[in-house]
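Per-chain numbering from 1; labels A, B and C assigned in written order.
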């Protein structure tokens, strides 16, 4: 090092030691003193600048009205998403699967070898079409709505109201929002944790986001709810029971979010830096068109794109598993029988576990893969009616209430999809946290379902 | 025949690996113990008068034989020397010792003020990490937390060249004449129960308070708006520095957490219990001395935790723990103007 | 000589060679966009570049730098959107990115977006940026909102106080953007002179800075923003320290435009 340079550094170090200990405080103070004097000279305020906003804020954070307002807001968003997504989802499925037929016919006419054509159209393409038709419509509805609330300035108030609960488990109130985002897509939820400035609380939010079921997992929860829980109550209460079951699963997920947050903040993340402040920005009129456009491009299309290039190969993999035979059994049958003992231990079976393994890229394809495995079909399929599904699962495959409970728990708690894992890695910049974010939920899922299955069976034996 | 040979080779490699790992572990353990001895010597023997061998062995909690091995090693490496059966640090040893001391105290500071770990837990963490942190990482850490001069116990942190900073020397609280305005520079952490009592009263290094009365039966102080009586035996373990700019009246002062909604107040200062990133952020958001603040909104469910404050034209929510560390006084002269 | 270095490593490198930032002649000028979170900074970015980058009503949306470009008056401008920060003094990741780009990226001009409804707090960052570079244009944004709330800002007065041009804008509707660009052009081409206001330092700090500045200038003659660099060294900023140690600071000194 040159002597001039050493002199600079050494002088700086020596001077720093001579400075008063609070010189940084004083620096900010003198900047603000300056800012104050400038402001006094150039700003004139007429009337109370925040009067109407204060009035809104008082309603929004009212002990009585605050909660109903918040629940109502979120409920409306979910309702619009679920109801609104149904029709376009079906339409999209019809179109996309028609293209599959058309494409495979075209290939046949062109004399493309049948195996290759089947692999491409009934494997790769079908996986892709499935994910797109299930995923796209709800996301295209959910994200713009959510973004609208965000732009309006309402969401920071939600974080403000919910903070007391998150504080108890060592987390940040803004986690409420990243969780809400997680209902749409966990990867988006993980990205959204950027709004949490405090490093420790942000890591907690990232690592636990997976415990709120994203829309790729809703179909399974809804199916189980209507298939198992609805059937044990009188017909007039059926829809209520199904809804209750799904809600129950969500509540379990949220409970685990808090539990794991609490655990993390006391063990693994004890030594991480933390700093809480929350700005409540003024309410602003959002520009609706821009919100629609940008939330669609930024969130929906980006996530969809990532999901697509993950889903396509797994569609291909599923096709190979179903169509490559060793002896008289397909790979699906062989692998699922290997996994059977492990599956049984946690109240499931080998086929379900196998479906979850191949569905790591996208949970949307769990149900079609399971049905494919059970029916011995060569591609992913869906059954037309609930009755047919009940016949297959309950009568032929002996699914019980325990299977349904375990599967719901497993679906809510298990490892995130590969897109989310990648996102965790990118956001934290650390393989370690990506690994924790993957294996911690997996361990939690196995432990919980194992406990439930064991206790269930013990009680069943006693009764 | 071949199979056996293969098994034999694999087992051999595995064993060698285990032995290597164990050796490595013992060596680091050894290095850590050596560094612990050096650190002990520099702390317990500031005047360089030498420490008896038995004291060192007793500190380490080792058998006599193990302690001797360790001490011999330190001697062989040229880190210590003997003077009529007493142990002294060599120049080289002193350098190593100060490096460890610096790491320990910087880590403690970081753990308390950047991560919010309670004071009673930090020692254990720092004790482990001080041996592992690289010089580069340590310098980065020091920069990140703003080159603190004293650790959370109030002990000076040496700089990179091993100089101890010139920290204003203080006197025991029992020797301070009342009334005066003082700042804590050191709290003796032995005996532990007295240390714990001091901490639980909210007296920590860096905190400043007003001494109201100094009587033989005890010392009456006012800290962050609270009145406390300290027994002389407790007060004796607190070293303070008398500050010249004593405020004449302390009664007006209260914490931001105690201010009613809609009451305009002026910031006096942020207490020293908030350091690091959070302190900087609060300052940047405008919670500087002299800033006008008004609590405007309480959270719906947390019973006022968090509360939102209007500061310099924007609304910032703080939790109770933070609001409690911001000292304010009420504004009497400006009632209606915006 | 052409520099060929991986672009991605620029996030961490202490010094951004100008050739990279201009992408080997693709752009004529580099303009940085700085400001507090939630001031409509990214709306302005989108309005100027046409690039759709969503930023909601939240502090701290852009963590890494977003980049875009636009043409104005026959020149091609590269616009770098820095993370929204309240200050440049702490060690948080956002502030480090913003601070390092302002010093080492040597933008031709910096647009500081200020929220007209919360001027006082926004001035904290603005005054700090004025310490780093004189080539600043303030975009006084959210003027419509300020008017609605009965807040009147004397734009000329603010410009006089700060010593740099101030242009009132409403980024959402595009109001004032043309004038903003004209002003930026004027500052870059030297038609508009700036005399940035200095922060009056605490006497102790001022004395320390006065000791350090000549030493730095001796090693790095002609270094711009030397006062700020002295302040950062006193604070112990690791990236500035590294730039001094490696001598990279000398490149800044040479790169300075007359």
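Going forward, a residue touches a chain if its C-beta (ideal position, glycine included) is under 8 Å from a C-beta of that chain, and two chains touch if they have at least 3 such contacts.
Please read these numbers as outputs of a predicted model, since none were measured by experiment.
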Innermost chain by mean C-alpha position: A
Chain pair with more C-beta contacts, A-C versus A-B: A-C
For chain A paired with chain C, centre-to-centre distance based on mean C-alpha positions, whole Å: 37
Centroid distance [mean C-alpha coordinates] between chain B and chain A, Å: 40
Where chain B touches two or more other chains at once, by residue number: 146-147, 277, 280-281, 284-286, 312-314
Touching two or more other chains - residue numbers and ranges from chain A: 16, 24, 28, 32, 35, 45, 49-50, 197, 279, 281-282
For chain C, residues that touch 2 or more chains besides their own: 87, 89, 92, 117, 119-121, 124, 235-236, 241
Sites on chain B touched by chain A in the complex: 111, 114-117, 125, 146-147, 149, 159-160, 165-166, 270, 276-286, 288-291, 296-303, 305-306, 308, 310, 312-319, 322, 338
Residues of chain C defined as touching chain B within the complex: 86-87, 89-92, 117-121, 124, 235-238, 241
Interfacial residue positions of chain C with respect to chain A in the complex: 37-38, 46, 52-54, 56-61, 63, 87, 89, 92, 117, 119-121, 123-124, 127-128, 145, 149-154, 157-158, 161-162, 172, 197, 199-202, 204-205, 208, 211-212, 215-216, 218-219, 230-231, 233-236, 241, 244-245, 247
Chain A residues touching chain C - in the complex, by the definition given at the top: 1-2, 4-5, 7-9, 11-12, 15-16, 18-20, 23-24, 26-28, 30-32, 34-36, 38-39, 41-47, 49-50, 147, 150-153, 155-156, 194-195, 197, 279, 281-282, 284, 286-287, 290-291, 293-295, 297-299
Chain B residues within the chain C interface of the complex: 139-140, 142-144, 146-147, 277, 280-281, 284-286, 311-314
